[in-house]
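Same chain, two partners: chain A is paired with chain B first, then with chain C.
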Partner chain A sequence: MNSPTLALVRKDLLRQFRDTKGLLIYLAAPLMLTLIMGLAFGGGIFGKSGISAIPVALSGGDLPDELKQGMADGLQESGFFTVTWTDTATAGRMVESGEVKASLTLPPQLMSRFFNGEEVVLRLERDPNSAIKAGVVEMALTGALRQYQASEAAYRTLWPEDNPEAFSELEGPAADLFSGDPRRMLRALRQDEGVLRTEVLDRLDRTMAFSEAMETSPVVLEAHDRQDWEAEAAANNEAVMSDNLYDLFLPAFAVFFMMWGAAAVVRELHRERESRTLARLLCGPVSVSSVTLAKWVAALLTGSAQLLALLLCGGLLFRLNIWHAPGPILLVTLAAGAAAASVYLVLGLLVRTEKALDSLTTVFTLVSGMLGGNFFPVDAMSPTLTFFGRATFNYWANRAFSDIITHGRGLEAVVPEILALLAVALIGVVVAISLFTLRQRKGVAA
Partner chain B sequence: MIKVHDLVKKYGSFTAVDHLSFEVERGELFGLLGPNGAGKTTTISVLSTLLPANGGQVQVAGFDVARDAGEVRRRIGVVPQEIALYEDLSARDNLHFWGQLYGLSGQALKLRAEEMLEAVELTEHARQRVGSFSGGMKRRLNLAAGLMHGPDVLFLDEPTVGIDAQARSKILDLIRHLNDKGLTVLYTTHYLEEAEQLCHRIGVIDQGQMAALGDKEDLIRQIGDEDTIRFLLPADELEALRQAATGWGGVSGVDYDRGLAVVRVDDGGATLPTVQAWLQTQGLPLENLEVERPNLETLYLNLTGRALRE
Partner chain C sequence: MNPRFIGAMVALRLRRVLTDRANLVWLLLMPLVFTYIMGELMGDWTPSTTLPTLRVYGLEHADPGVRSMVDRLALAEDFQVDARDTTSTADRARFLMEGRYVSGVILVPAGYADSLQTDRPAQLDLFYDGERTSSQRVRRSVDEAYARLAVRAAAVKLVDASRAGEPGYAATFNDSLYHQFMDEPRVRLESSVRGRSSIGDLVLTDSREHSAPSYTLMFILMFMLMSAKDLVQERRNRTLDRLRLTKASTTDLMLGFFLASFVLGLVQGGLLLTINGLWIGIDYGDSPVSLLLVMTLFAAVAAAAGLLLGTLAGSGGQADGLGTVFGLGLPALGGLWWPLEVTPDFMQNLGRMLPTGQAITVFHDLIGRGYGLADVAPMLLGLSAWLVVLIMLATVSFRRRLAD
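Presenting the complex of A and B:
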């Protein structure tokens, strides 16, 4: 980019940055609405509403019913889960059907392993298409189980007589000593001191060993995505949607605001025309291509920055699912910004006045937003609407963000969308330069 | 430095510039004088490569504006009639931008901007947003922006419109100063006194055509060296005036224009008492009585049949 073009871009960005009213309308207002939307749907750092009562299935293990209930109650009391006990096969099917977000399979001999300080391996199966909730399940379950384990350890150390397994091994005087019955305890103490001492010391050693084991032997949570399920869905070309409304709506909402942002930068072209600064520019060593390109770059950067700000806000405050693919998110953002800049630049050059542009961009943005899936998830669009939606650039941006954010996919999945956006951007710039050149030849450019 | 030959510019069926020809020498301050709609701005727009001509040849700084537009643009500075500045940027930011556009950068850019701010007496307001400037300050900065890159030729399109006398005086002084330093200036205005004070030569333009061209003295000579005495006179007294005037001496003609008698004489001051005496004799009031020396306004009136400010 040559020096005049860079000067033009710098000037446009400087003007955008210093336009406090513009910043308020095009950045602060969307951020505010993002916040409201996040509070309504996501919860995030402001509450648990987005990650509460997540359905989870527990299976396996050979716990007595009383302990099963205790574990389920403990998990439910955390506020994150609704727990269903079932067998392992049913739990897997429940994950597949979406009935639960994860299933936790407990190993056999769980209590015994706990008791002997052995490693306890729990198997977690997650729904990979609900990355946020599956991640939360994993995080919260780990925390809850560790807490449970620590509580058990403390309890059993302090009240070993409540451990039925431990007591089942006791015989003779030792059984009497820990019976809790004063007569049996007295009888035990009157018996052979040497035998009793040995029994008591053995129990205490085992209790201490258990306590130490609890401190050193963590619960291991092996997390597995239901890959077979995802592969099956992909093979059937089925879109597996997140039920997190924030994931579903925020990207499209951000793209919609970016469209207005790009339109605002292009509007400056008309303001410059009316203030005669454009005429003055064209009397200088600046080609029409430079002016067009500079305006395009400014619109691209402004729109992309606005879009990125909204996504980051969602990601930081409301756990919008962007952190697993920051590179693709950035690429799609820039490609969407480039396409928006081109499309609105062409619109800007089709009309002669700012007022006409305002009318045109309002109608265009609303219709395009409707067709392209900014008012409802692209996954929910009918085939007919999708057919028409493909003609809008925002459809491709929404599609790409949906793949990454809603479906947790990576760069490979959004390459076609990025290419489509870049094609729109390139064609738009060429058309815009041609239109502007034509206008200059006719003497009506400025 | 500027050669305009047979220039024609049309907007649809309307001919804004009609076979216009003139030349401006290097270092000359040339004025294009004419009322609104005469074709001055259109002429400057063609000269500054903004509008394509429909006919004729135009050269600026030795380059054809149609063929070598890029070369022309690098050598000209344009100060449009409008305040073509970014009002949301500061004065300094505006000058930096216009300088960068012409390839200035770094220290050279900063020094030039400060030099220009000082030249238009806006150094103290350099960080202020242009939108908060008075009309005069904006006009001065508008001029500075056109000078940032040190052009060979400066096109000034009515640069003093809408400002007070003091601000106008500052701008005119600056233009004079720039011209003294060798800058070629094409200055359009409908203020006759500005053209008279400032320009070496003046082209009087009307309806897209050059009505007269030359220095001030040349132009006045075109309408003769006669004074004019004007006064209110009932139409039915005109014949009596004509008869009386034949005996006054030095009177070359008597006309009547919209209720006023117009008496052309060799020496207005000498004839005035005679006119006053005749009016008293006739029992007529001494109303709207004035003596005019020949000037560009008279010339313009003679050439176009209308006053410059109409």
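Presenting the complex of A and C:
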């Protein structure tokens, strides 16, 4: 790089770094947003972490009090739910007002219907304003019922001849049994010498055999979650997996604000043109390529410094998982800064005024931020979003930081991302120089 | 008070804003883009062209039970199954997951069917990523299919035609009957949303019904806060002093600035709510009075906040920076970025104390619960309190600036 270019870079850097308030804001805003995200999803110093227990109302069923208490205790022991037993109308009102997120209404005479082989429909009503917590209740109940449904389906398939209404013939004693008093039932069975007794005892035998068979299925599904195997690798010192929630948010916000920082440097080009400084500059021994290259280097250094400062602040304030791979982080930071500088330089040369640039970069940055994974953890992006996200440079930066910081991986893992960022940077610089040269030939460069 | 002067200030501001087409990006385009994309992100956005994939390896080793499970999984609407006869390894499965090439991998090991025939346990391996929504969906479906498979495999151990007469043994196991019982279970859960009865399906379970009002509110607030630098500019280039040379009082000037922003906020909000109503089909509830009040109060709060910021900030840069911080922070804390219900209790309480949290709670209650004015009154009172406080602070600060 020749000395005029270096001088221009120095001038641009001085202008940027003298605006201390602007710099502070670009650093403070992502740190503040990260803190909010951390508090919202991870608790922190102000309270219990994560989603609070989900209030659920139970009603109906005509169950004995002991059983009701048992059901409530069982649900509450999980720590996910707080349970209130009430009547159906009150449960409905509680859901309507949002006091509970869901109400489960058991059908009348639940136990007798259940044992008599009648249809049992549990009705779940969800709070209209609670897509997430009410959804968790539904998912938990569906999962719990699934195992029972499969078992019952298997039992009925094995012994379709089993008469599910056998108990109904013992109406009085059975009713006692279902209300928690087995004595009359046992007495009735002892006194009965006929088919019923044999049928009930055979069924008990089959139920016992079936229960034993269900205890160990010959088929096992071993589920491996990515987080688990990465944590295992971390334990074996193969990688340093993060369990810090801030690791998910801060790098993405840092990249997002670095994009605004790069846009701010490019904005100077228009200011210089509007104040005629650029025209005077181009009268001297400075080529269009030098000016473009100087702006690019200044934007690269500003963006990279900003990104690095944010990651370091994150490392100190939020224990960001950056210390295990300083080299790869520096490389990704520089590559991301270079790509951002190129992209915003091209955008800057596509428009004629600072105001137009402001509008263009605002739209571009916000849309790229959404598509590239700056507002959502890049790991949680849907395939469709990933498809569109790949077209944005910030996706590759977010992807690389996620691999290093969240997943504790090393340089090898982020080589494709770094190459993608460098490719964007290189193509961008070439396009920017070509555009500026073209504009100079048309006489509209300055 | 000089109504003509105030009216002229309002008209001038509106003309300035609306004649600059770049402002339309902030006022209308960005909220709509955010509504759409964030609504899709929070919702279930899986167009058929890019369905996530569940890869199954080792089908050649599978027994009819696993094949039937894979066939059932292939019927899923939110992912596709790519079943291959060839065997693969855990390393390969992890590689595919880490590279996000697929959303789940099932490995059927060599000798799987043989193990079952010789009464040895047979293991399937599922690799998934709990952090990815598409992978979570795959996991749920596989869990359901596995429950069928595992219970069936356990049950067929009791099939022995020669001992069918003995207790605990059966003669046959009819697979189609089993699946029929599973598809139509006797004990089942029926789930519904207890929303507004007349529009049962229009509740907040559609994520855009959160994102549409949220981003309307957020961009009203952001525009007001980001416009605070205009007032700083008027102070710095002495236009404000020149205005004071007219017969306008301090109250006239303040009202002029405040009402101009307020009217702009109302126009922006009205347009966005109308467009979202027509585009997404959002029904804002049965209480137009509540809707009008919440929009009016929120626009007024945002205008007052912009005025306060414009009088507090020492330079355009400061106004810009603080506008960005509050313009992003208040929506995030108030539950405009994500529903407050996913946050801990203290964050929910904090959110509902902020104007953003109060306004979005009213929207949720109108859309989802069909609340009326009396039900949303506490939140509207909260917004009114914010308005009073901000106006008072802005007045003090404005007078102080003029006195400088």
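Everything that follows uses one rule, which is that the second predicted complex is superposed on the first by the 225 of 446 C-alpha atoms of A that agree within 3 Å, B and C clash if a C-alpha of one lies under 4 Å from a C-alpha of the other, contacts with A are read in each partner's own complex, and residues count from 1 in each chain.
One rule holds in what follows: contacts are C-beta pairs under 8 Å (C-beta built on N, C-alpha and C of every residue); 3 or more make two chains touch, one makes a residue touch a chain.
All figures in this text were calculated on a predicted structure; none of them were measured in a lab.
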Partner chain(s) touched by A:Ser359 [first = chain B, second = chain C, both, neither]: second
Chain C versus chain B, contacts on chain A by residue: C
Which of chain B and chain C A:Asp19 touches, first, second, both or neither: both
First, second, both or neither for A:Val367, with chain B first and chain C second: second
First, second, both or neither for A:Arg276, with chain B first and chain C second: first
Chain B versus chain C as contact partner of A:Gly284, first or second or both or neither: first
A:Asp205 touches, of chain B and chain C: first, second, both or neither? second
First, second, both or neither for A:Gly443, with chain B first and chain C second: first
Overlap of chain C and chain B interfaces on chain A (superposed complexes): 19
Complex contacts: residues of chain A adjacent to chain C: 19, 21-22, 24-25, 28-29, 32-33, 36-37, 39-41, 43, 46-52, 92, 95-98, 101, 103, 114, 117-134, 138-139, 141-143, 145-160, 202, 205-206, 208-210, 213-214, 216-227, 229, 355-356, 358-359, 362-363, 366-367, 370-371, 375-377, 379-387, 407
Of chain B, residues touching chain A in the complex: 45, 48-52, 70, 73-74, 76, 78, 80-89, 93, 97-98, 100-103, 105, 145
Chain B partner contacts - residues on chain A that touch it in the complex: 3-4, 6-8, 10-11, 14-15, 18-19, 275-277, 279-286, 441, 443, 446
Touch list for chain C against partner chain A, complex: 20, 22, 25-26, 29-30, 33-34, 37-38, 41, 45-47, 50-52, 65, 90, 93-94, 97-98, 100, 103, 115-116, 119-134, 139-140, 142-144, 146-155, 157-159, 167-170, 173-175, 177-179, 181-182, 185-196, 203-205, 207, 210, 315, 317-318, 320-322, 324-325, 328-329, 332-333, 337-339, 341-348, 364-365, 368-369
